[in-house]
Amino acid sequence: SVTLFGVIDMAVSGYKNQSVTPSGLAVDVSKTALSSSGYTTSRLGFRGTEDLGGGFAASFWLEAGMSPDTGSGAATGGGIAFNRRSTVSLSSGLGEIRLGRDYTPTYWNDAVFDPFGNLGVGGSLIYTASGGAALGVPGSGFQSNPNYIRASNSIGYLLPPNLGGIYGQFLYALNEKTNYDPGGLTPPGVAAVVANPALATADNARAGRYIGGRLGYMSGPLDTAVAFARSTIASNFFVGTTTNLDIWSIGASYDFGMVKLFGEYSNNKQDVNFATNTFNPVGTTKPGANGALLGFSIPVGASLIRASWSEVRYNNLPVGVFASQPEADQFAIGYVYNLSKRSALYASASYLDNKNGAALAVGGAPGFYTATAPGGVGNAVPNKSMGYDLGFRHIF
Amino acid sequence: SVTLFGVIDMAVSGYKNQSVTPSGLAVDVSKTALSSSGYTTSRLGFRGTEDLGGGFAASFWLEAGMSPDTGSGAATGGGIAFNRRSTVSLSSGLGEIRLGRDYTPTYWNDAVFDPFGNLGVGGSLIYTASGGAALGVPGSGFQSNPNYIRASNSIGYLLPPNLGGIYGQFLYALNEKTNYDPGGLTPPGVAAVVANPALATADNARAGRYIGGRLGYMSGPLDTAVAFARSTIASNFFVGTTTNLDIWSIGASYDFGMVKLFGEYSNNKQDVNFATNTFNPVGTTKPGANGALLGFSIPVGASLIRASWSEVRYNNLPVGVFASQPEADQFAIGYVYNLSKRSALYASASYLDNKNGAALAVGGAPGFYTATAPGGVGNAVPNKSMGYDLGFRHIF
Amino acid sequence: SVTLFGVIDMAVSGYKNQSVTPSGLAVDVSKTALSSSGYTTSRLGFRGTEDLGGGFAASFWLEAGMSPDTGSGAATGGGIAFNRRSTVSLSSGLGEIRLGRDYTPTYWNDAVFDPFGNLGVGGSLIYTASGGAALGVPGSGFQSNPNYIRASNSIGYLLPPNLGGIYGQFLYALNEKTNYDPGGLTPPGVAAVVANPALATADNARAGRYIGGRLGYMSGPLDTAVAFARSTIASNFFVGTTTNLDIWSIGASYDFGMVKLFGEYSNNKQDVNFATNTFNPVGTTKPGANGALLGFSIPVGASLIRASWSEVRYNNLPVGVFASQPEADQFAIGYVYNLSKRSALYASASYLDNKNGAALAVGGAPGFYTATAPGGVGNAVPNKSMGYDLGFRHIF
């Protein structure tokens, strides 16, 4: 009753990131590596379903990520952990209740409507900007979302599959916050904070909470969905603030047969909520970013040609850091040759252009050179990034 | 020839711990969480048996614990490890020799004769007090037993199953101590210790050793067993001491059909042995604790009603800390609805009352508030703890 | 399509290491332990093959090491990781292309031509000296080879099996070095190094690169192979050096039926390459070591008797440290009783003699006592090491 499944995907990959110093010197940082998961994410999993009768079913899903180039898993220290998905479900004709660690609704739009599925050098800039690639300036909006792709401690509901093409997922993740009553005794305690306001540092007790949903419609060649979420990324009890990242996105794909088109628009905004508290600071801005993607895939016999353009534009950066808001554009192209349904050779290449201080890089690339070059005044600024993958993917 | 097996069990759980300050203020610490293993411990395992002929068999058992709410395993860093059991066995009509990491004989009585199996908010206080929940004062007897539930590096013997209902397990775990001969060269060396007696700190080289056994009788509705062990929890070569935890317990269950009764009594005593050594300090006390449990379970169709009362009383605490010896009582009640043999919904609740400084909490609860409240004299003292689990358990 | 396989092997083992102080006092360090992998390495793995048609096949292999005495895996923190092998392959009549973490060609000669397969107390001294057992003096040649047994990030090619007994493996492992262009900006930057030459410390960016191969011939009772490799173990960009370990070995086994003979010779030399760079220091020596092994195995019914002699001689140690070059000899004998093809009992014992400061110990032994004994002048020097394994091995 248990299915063992997995993917191993490795590629020879090359990357080059170019920065430019204030004096105009181009500085390249490059690397050649055996990379993992350029076409399909490497994994090992166990799953199964039990028919409970009466239209009810119980099921479980344990899926671990891994880096087969080194044999490591995703846990700290390199051990295997079921970080990709670890859920138990109870389902009926009314839908599915799912507990555990699962994908967030807002992530699916970024993955499903990118012809590169966020993977390898060609993965969407929306994903790159959301996944932790830093801008180099504070408050860039996409960063620091602990629940971007997945959420632990989640309770999910999925619509049943018989709604005439309508599908949906709703997810609430607990932050498992420890509450103190009276609240003033929350460590380090209100008395200590009054005596020394510097103690009112972020405890982030509310971070980790996620509430979001996704509603879609799939019929024939069309697939489209909207998603929205509020993900709590920081908090400070004594200042009385909760820092949320509000996300919404819309995406669609349409399969004309000869060619399948993809598109997505995504919006992220960081919002600091204030509680009624005498420690409230003055108002802050709401930094954020918008992302967009257009792409296509063309099947030709056993081959698949893929291409995408994606863009990210940052908003509300601190005044004076850059003359204009940072932005980045990326073009990606790829070729897949299917040796079978399970095994495929693939090649991908992408080119990324940063403007006004954006510091995004193609997937897998090393960091930009951002130090002060000898004799220079000011740091080198990220400019271009490019890379390729030449790989082999095997599903088991 | 390999069986893959496992359990995923998750629950929405709530906890509240109440302390009281010297001025009488009640301070609550509460938490809502997605918890793991409230009814059956979540796990993933591999096991198998080979018939060697002539009544002999070889078998292995690898079983990893996990927290499906986050996907993590039990290794440091969150990786999956076979921490629950990792054994190879050679068995015949004379019994089974088992090597590796295994359950200790003394743990079985605590688990088998608790209707809640030590799990969730309703798990026995004997388990809670033994498993590391701190009393807040030194030398409480139950704590710091590295081999309470399981022992690594163990050699075990199990009686064969055909002894007319008599069963038994004997286990010796090696501490894998490094010996130095001449002993005076044991680091940091006797010369250094003579020059600076403060260097004679605990090396705990003998810690980890465990010797124990369990002998039981099961016949029809009756199951009863006694268990005893000496577990070495600390040592100091230059002071010449070995600190053992001596454990014995007796438990029984009797199934009347309509109701099954459970009972256990457990005694723990910490014993410091002295070697013949000029560094011996003056005598110390033998702190310890007693625990008792009474419980029942009532099957009603596909349902199971469970309840238990358990108590722990500490002995020989340092004079003057509390007027009377600390003690704690817990009442637990639970309901299980079996959707199938493998899948079940369950609800549990428990209430725990600490007296005279005991600091036990229901399973899964956060820590008590024990700081000095503003304007107060003296710390807040743990008082009550309560919690609930609402969960789903699936076996595969 | 997935095969789950593994081994659990545990033994009760004892070890004793003897050092001698300058005044002639013998100091013994001994230990009794439940050890792992004394006859066959404990592991858990998943593997499979897909027939792609036309003589092509895709396959994968994930194999995790583990210590069943504690249930831990090989990742930092004790989690399970696929550290033993993690590969995907595409094969045809022309051979096999293999990507991932794999055994190095140079390791195979050490393992295949040792009747103890490098395992337990009887494992070859060539393995012991290569695997990290320290000599206690710098530059001993065998040490610090990160790719001795396996290499991550590797691209391998294996000859097809139909070459009339000729077999071969070639492997290149990427160091995944980050390159800076202009090179002078490599951190900390040439300007900083000119200002403070002490900053020109080893960055080891080129470490991890491995290039090697193995070519063998197997026909009837004969199996022989040569292997060679250059493994980069350190580098210093600003000094302009690359430190390689050059390895070559030749081994053979011949099965006379009543007895099978084994032999191997291995040579390791550390070579520091200089780039054209003004920071070059004066020339250094090329420390290294030679190793040799002779052994046999005798099958008697269900039993197997094994024995080996192995030796390691170090070269080019710093002048004045020891009057003569260090060397060590080891004798090992073993007995295996096969209960079935999968299950076996075994006993092994070995004796090791260090001379002139060599500090090798039998497999699994604790460290030597090398401190300055009280009243002594100079440190204790490693002398003898001995050990035994009494174990049980089960394959599943």
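For clarity, chains are labelled A, B and C in written order, and residue numbers in each chain start from 1.
Convention: a residue touches a chain if its C-beta (ideal position, glycine included) is under 8 Å from a C-beta of that chain, and two chains touch if they have at least 3 such contacts.
Keep in mind it's a predicted model, so treat the numbers as computed, not measured.
Peer 1: Degrees of rotation, nearest 5, to put the Cα trace of chain A on chain B?
Peer 2: In short, 120 degrees.
Peer 1: Are the interface residues of chain B and chain C largely the same numbers on each copy, more than half shared, or largely different?
Peer 2: different
Peer 1: Mind checking the centre-to-centre distance between chain B and chain C? Centres are C-alpha means, answer in whole Å.
Peer 2: The answer is 40 Å.
Peer 1: Give me the residue numbers in chain A that touch at least two other chains, ranges are fine.
Peer 2: In chain A, residues 4, 73, 75-81 touch at least two other chains, as defined above.
Peer 1: Please output the residues of chain C touching chain B within their complex, sorted ascending.
Peer 2: 4, 6, 8-10, 12, 25, 27-34, 44, 66, 68-73, 75-81, 339-340, 342-343, 366, 369, 371, 373-374, 392, 394, 396
Peer 1: Could you pull out which chain B residues touch chain C in their complex?
Peer 2: Within the complex, chain B touches chain C at residues 1-2, 4, 46, 48, 50, 52-53, 56, 58-60, 62, 64, 73, 75-88, 90, 99-101, 152-155, 174, 176-182, 184-185, 187, 189-191.
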